[in-house]
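First chain written, first letter: the chains are A, B, C, D, E and F, and each begins at residue 1.
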Amino acid sequence: MQREVERIRKDIKRLRIQGARNVAKAAMAAMGVIARKSKAESREELVNEFLVAADELASARPTEPMLRNALRALFAHMRRSKGDVVELRKLVEKEELEYFRRMKRDEERIAEYGGRELSGSSVILTHCHSSSVVSILERANELSKGMEVICTETRPRFQGLITAKELSRAGLKVTLIVDSAVSHFMKDVDAVVVGADAITAKGDLINKIGTCGIAMIAHEHGVGMYSAAETFKFDPLTLWGGIERIEERSPEEITNPKKLKGVEVRNPAFDVTPARYLTAYITEMGVITPQSLLNVVMREGIEKLY
Amino acid sequence: MQREVERIRKDIKRLRIQGARNVAKAAMAAMGVIARKSKAESREELVNEFLVAADELASARPTEPMLRNALRALFAHMRRSKGDVVELRKLVEKEELEYFRRMKRDEERIAEYGGRELSGSSVILTHCHSSSVVSILERANELSKGMEVICTETRPRFQGLITAKELSRAGLKVTLIVDSAVSHFMKDVDAVVVGADAITAKGDLINKIGTCGIAMIAHEHGVGMYSAAETFKFDPLTLWGGIERIEERSPEEITNPKKLKGVEVRNPAFDVTPARYLTAYITEMGVITPQSLLNVVMREGIEKLY
Amino acid sequence: MQREVERIRKDIKRLRIQGARNVAKAAMAAMGVIARKSKAESREELVNEFLVAADELASARPTEPMLRNALRALFAHMRRSKGDVVELRKLVEKEELEYFRRMKRDEERIAEYGGRELSGSSVILTHCHSSSVVSILERANELSKGMEVICTETRPRFQGLITAKELSRAGLKVTLIVDSAVSHFMKDVDAVVVGADAITAKGDLINKIGTCGIAMIAHEHGVGMYSAAETFKFDPLTLWGGIERIEERSPEEITNPKKLKGVEVRNPAFDVTPARYLTAYITEMGVITPQSLLNVVMREGIEKLY
Amino acid sequence: MQREVERIRKDIKRLRIQGARNVAKAAMAAMGVIARKSKAESREELVNEFLVAADELASARPTEPMLRNALRALFAHMRRSKGDVVELRKLVEKEELEYFRRMKRDEERIAEYGGRELSGSSVILTHCHSSSVVSILERANELSKGMEVICTETRPRFQGLITAKELSRAGLKVTLIVDSAVSHFMKDVDAVVVGADAITAKGDLINKIGTCGIAMIAHEHGVGMYSAAETFKFDPLTLWGGIERIEERSPEEITNPKKLKGVEVRNPAFDVTPARYLTAYITEMGVITPQSLLNVVMREGIEKLY
Amino acid sequence: MQREVERIRKDIKRLRIQGARNVAKAAMAAMGVIARKSKAESREELVNEFLVAADELASARPTEPMLRNALRALFAHMRRSKGDVVELRKLVEKEELEYFRRMKRDEERIAEYGGRELSGSSVILTHCHSSSVVSILERANELSKGMEVICTETRPRFQGLITAKELSRAGLKVTLIVDSAVSHFMKDVDAVVVGADAITAKGDLINKIGTCGIAMIAHEHGVGMYSAAETFKFDPLTLWGGIERIEERSPEEITNPKKLKGVEVRNPAFDVTPARYLTAYITEMGVITPQSLLNVVMREGIEKLY
Amino acid sequence: MQREVERIRKDIKRLRIQGARNVAKAAMAAMGVIARKSKAESREELVNEFLVAADELASARPTEPMLRNALRALFAHMRRSKGDVVELRKLVEKEELEYFRRMKRDEERIAEYGGRELSGSSVILTHCHSSSVVSILERANELSKGMEVICTETRPRFQGLITAKELSRAGLKVTLIVDSAVSHFMKDVDAVVVGADAITAKGDLINKIGTCGIAMIAHEHGVGMYSAAETFKFDPLTLWGGIERIEERSPEEITNPKKLKGVEVRNPAFDVTPARYLTAYITEMGVITPQSLLNVVMREGIEKLY
């Protein structure tokens, strides 16, 4: 059992599980595993097991508010319930299912709203891999045939190749380019859409390294810049001045550092795109400007987050 | 003999010889080879051999005005001379040497002027590999110790690793990043300096793919954007509306296209940075704004070019 | 009776009734006509008549959320009432009056708030004809004498001439110019104010063709760009990615197409001004930035809209 | 007694009491003085005394919404209470204390949130003197040692020297410059933070003359521009088109006008920084974009203000 | 004879002759008429006749440097010649022919250089009517089939309809729009090209009213903005601070002013586009940035102008 | 004699002589003093005296290319002359007079060209004190009555008060403001004009601290930014990457540093305004864009400089 949770944690840490949503789902699945397989005999013992696991999962990746929001919501539910160890197991299993159901529903809404929003574009550029973005582009292509998508390869781990394959299989016309070719192709692009790892109180987007540069280039061409994101990716800590930590990953993802004696290899996984370079977030609540998101989330989503 | 010229042509075409200056030098060397080894017995025969070789060399790489300018200047010299086959051989050998000498002198001046210009900066970003840029950075570091340089890896062919190694060996503090991390690090950068493949009459810079995006990001941060370039890289054809052709190289440089069935892989080698995103060209004549270059070249360099 | 409704529909379609507010009022008046004159004998029959008429009215002009919002609110009232055919007639007549009353009150508030906001400006530019804008400018001129207004003629239908006449009659100093003279006069302008046909969830403004260009020119001069709009012009559908359809009207409004064989004449009636080019909306709730509007409307106006 | 209130009024008017918070506190203290020392024998008489004093205090400085908001909130409390003259005295004394307590709590929160937000910066520029800003910078320096602050001298009254002294005493590295040297030093600055005198419904900042120019210069360099402000500084009147009056102070603060015969000396105390030049407000509710502030205040703060 | 010159002057004044080039040609033709038909019997008498006519022609339209440059060059030739009345007649007739020949050659070069420069664009927008622009677009369409052109109608005199007809006849795909629809269509445009009435020493473009607004809109979309212009349109007076006078034409071109009592109708014929909104001038000397033009003209064209 | 030269040097150093032109004139006057009063008996001796004095004068102020250019030109004349000590004295006296004459002529031309260029503006802002600017504004006011000028006080040495007095005496309407009030008044300004201390090869302007910030604020408002400058202020060294040294003056000019223990007071006298924030230089050769200046100076002025 512990092994299963540990395996999930490692898969998250080593990027075998990728994308904010998959990571959050995996963490919820890990909680479900504990609910089903723990040998705890008292509520206290069980809650403690959950807490230890949650802590380990949350620290596997520093830039993952969706993961932390999911766990935080789960513990809020636990606190409200006064049940014994058996009821607690059931509650967590139910919440795990509920979380998956809501994720699915949110995903469908994002695909639908984003598909409509982008159906007027004929060439769209995307960066890295995001299943929300893939769903949006497939839906947009249903609504308005003949859509072309330009995918960056997305160094250092080439996730753009996954996007290219999935979209090509879905029947879209796909072009693959190196990351630095974005400005060369931007003049033909009608809109850019990327995923999201986290959203701050200022409406800034934390996403795969390279996103901010693409947003600036889109801005210079007057091209719309969208991010597809569940409002669950909003990081409440940033409201109180908490700076989103940018994870730096191993230099070995980029090159063999031994061959570059004396050279420091830096590998930040994300960057921050200021709100003013973004047109809108495509969320399960609708297509919303970065400056509105805080208020929308505070009104409708505040309970979700704590 | 023909084989030697052919080998040079292939090395140029296959990017084994890289950088506008090295390519131009190689072409001049090829002309020297012919001068020394041709079996031509008349001036006509010899000139013809030169022309055939020049044509092949010029077409090996479409975006190389420095190569074309060098050959054009050589033929102008030949035309002015009325000598016989022996004298022509000598003339070409002399011009080959003269060209190398001028290249060297221009290189030294660019290193000196650029070194002074950038000596006030403490963190400089560069892209791809340019020997002029390396010389400038070494000189700047002599003038103002403790300089740090951020090098992009420069996909698809990773020339940035060469830059990183050379600068590190020369004692500079070097950081290597992926191309799309430029905007993440730009806030700490004082100036950007890149090389040049060609310069148009409008002052636009043609350089390694990715340069234009970097220039836009620098512009958003109010960071100076320099290109180190001999005025020989000015392409006179662009004055009459000739659009600089952007070479597209093999998709295989990026990925194995067979694994991406149905996906088009595009690999443009260069992009165009509009003059308004550039602070200045660092040339052998001085540090000059893009808008001044046409006039400076027309005044001083016009004979050089035809 | 039907003829009266049909006449209203035609007047809307043929632009004899213009301006989002007048169009919405006319549609409500048409519903009143039905309430008063329908021969329907059952609630079902009467509701059906309303629905048929509403459908025809709504489709007379595609870019009119205010019209659709008014009808939608009316049907919400009908649904909540369980009364018979007689009570339903009364309810619709009452709602018609109530709608007119609220329109009037909103209009007065917009005039007041806008008048105050613009009272510090001495030269104001406007485009097309909007009764809200005329009221604002009259009020601003009361608060701060000697105001000058520059009116564009507003091709193709010259509604700017109506604005010019009304403002001149009201005692303001008025200048009329062709649409393309806007940038020439902008350096003397302190603020721009236009009406609104629709507002999207992103805060973008849909208004008479030419508005977006004026907004960009104002932006280049650092001149404030306002739109006077009841919050009823917010189009809720745009929250879910619905793209506002831009009506294209007959080419004959522009020229006689027969004289231009082989030339396509395009006549879009509106354009979309992105939120970032707008300073604020002047609404009956106050002077609000485009990015705030969604939240203000969602909090206070949501019932109004459905 | 009256003399004590009168003295406070004069100290406010003559800038002996400075900073929006100190002014508001002084006004509340004046109300406490009346509560304690008035000889009024009826509720009516006492209320009247409060009103007269409030009126005089409010008009001592035209650009002080925080002062007006504090008084407005106090009167709202009085209205809700139905008590007699004795109870009213107690209520006002209690509210005075409560106001001080809340100010203190808000100040601590602003220091904490702002300190965290800016802890990632190493060089920060500030203008004029704001106790909130001083607290933020001290907190930021605790979180991230070695912070440098550049202070403008802030003509005409040199309040920047107070800031410089306080920060230096608190152990920060401080540099003092003339106001017009801001653009010269901006290239080394990571963030700017200033106080606030008032905030409008559009999110515009009213603050010490010079703030808008600094914001534009920061914008050109892509440097974050923050204002530290209690939400109590939001001016509700601006929602309805009320233009914030900019106080013009005596020319003698600048120079001896007699020596400049025929020259008009203008001395506006504040300027207006449009929302689009601001990164965020640091408030007691969190770090919030200018466009969100209206909605946040309307949701949580509306009772406070009326 | 005088009547013939007078007729030309009137045709110029009343816009029956339009376009800077046609106006200059007509003025040269008028000089030829005098040369052929004058009854002058001495050189002095003839020169005087030329001067009187030149003065009248030059004052017929205030914004026409090309006209003034042509006459100025002609008088320079006369001054250099010392011949008698007969020889002077011959000289003027020769210069008339020579001027026409050069105009033709310049026109062909502009068509060629501009055609090449724009051959990479697929949708081009133009404003008003310029024969140079029509030639460029025809040439570009030969080089790169399937070009689409968007023409504005160009109020108040609808010259855009002439452009639309000519291009349509020449086989291009043409769309006609009202002037204020430019921003709506700009997102699909690859380049803008217009004519020129005059160019200042700062590189600013004086052209048909509306040009500056189009340039600003193009700038916001990162779209290239070209002006086709003989260097003869450079106005040397602007070097010494002479401000180009903007002709205001009759209000009756816009509307019947009697119907708009109390409204001032303003009808400036041209506006000024600052150099920074222009990509390049397409001249007979090549494609040149606005900032380079002064230097190019001073080097090569100075004799032409005086 | 030496004392007279020494006094001039001190007056330059201590800013008793101010403005690039006055400094250059004073240096030339010092050379004249030597020519007249030196007791040197041989050419060598005299030249040596000139060299020693020139060296001392040139180092009195680091940012003064006009001073260095004047001396450099003088020595070029000396070198060309082969005369003996008597002839050399005469030559220097003649060159001194000639320099004053040319300065006067250049000044008149700048006043005339600038006066015309700005005669269309009604409100002009200036910074610091420049006699060229004063002359231009007087001339502009002659051409177009009723001109208003806004003068900054120009900390730390309040030279703006001199400008205010001179313009007021000359009959212009003058307003004095603190430096940081520039952005508050910019919305009413039609043009900004300042002097120049030096101009770089990139067209950047070195001028009184604060100029760059004013230029950025003007840029945000689309207001023209002019610098009045003899081409003699062009610094040829900057062409080869020499960075213009920015003089830092004594902190005591700002405040008494003893009262600010632990605070560093920085007092740079100049800043650098990048060419892209400048509309044009008003020179004795005409009104020229920053990007053209290098070419204009190289063509016409090169002998002047060496």
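One rule holds in what follows: a residue touches a chain if its C-beta (ideal position, glycine included) is under 8 Å from a C-beta of that chain, and two chains touch if they have at least 3 such contacts.
Everything quoted here is computed from the prediction, not taken from an experiment.
Tell me, which chains sit next to both subunit B and subunit C?
Of all the chains present, those in contact with both subunit B and subunit C are A, D, E, F.
Which pair in B-D, C-E or A-D has the same interface as C-F, with over half of the contact pairs matching by residue number?
Checking each pair in B-D, C-E or A-D, only one repeats C-F, namely B-D.
Between 0 and 180 degrees and rounded to the nearest 5, what angle rotates subunit A's CA atoms onto those of subunit D?
With C-alpha atoms aligned, the rotation comes to 120 degrees.
Taking all residue numbers at the subunit C/subunit E interface, are over half used by both copies (same) or under half (different)?
same
So how far apart, in whole Å, are subunit D and subunit F when each is placed at the average of its C-alpha atoms?
Each chain reduced to its C-alpha mean, subunit D and subunit F end up 41 Å apart.
On a C-alpha centroid basis, what's the spacing between subunit A and subunit E, in Å?
Once rounded, the distance between the two centres reads 57 Å.
Could you say which residues in subunit B touch two or more other chains, in rising order?
Those would be 220, 276, 291-292, 295, 299.
Touch graph of the chains shown: is it line, ring, star, complete or other?
other
Pairs of chains that touch, anyone?
In this structure, the chains touch in these pairs: A-B, A-C, A-D, A-E, B-D, B-E, B-F, C-D, C-E, C-F, D-F, E-F.
Going by the contact rule set out above, which residues of subunit E touch subunit F in the complex?
It is residues 201-203, 238-243, 274-276, 290-292, 294-295, 298-299 of subunit E that touch subunit F.
Would you mind writing out the residues of subunit F in touch with subunit D in their complex?
Touching subunit D from subunit F are residues 127, 151-156, 158, 161, 164-165, 168-169, 173-185, 209-210, 212-214, 216-217, 219-220, 246, 254-255, 259-268, 271-272.
Can you list the residues on subunit B that touch subunit D in the complex?
Subunit B residues touching subunit D: 187, 190, 220-222.
Touching subunit F in the complex: which residues of subunit B?
These residues of subunit B touch subunit F: 112-120, 276, 279-280, 282, 285-289, 291-292, 295-296, 299.
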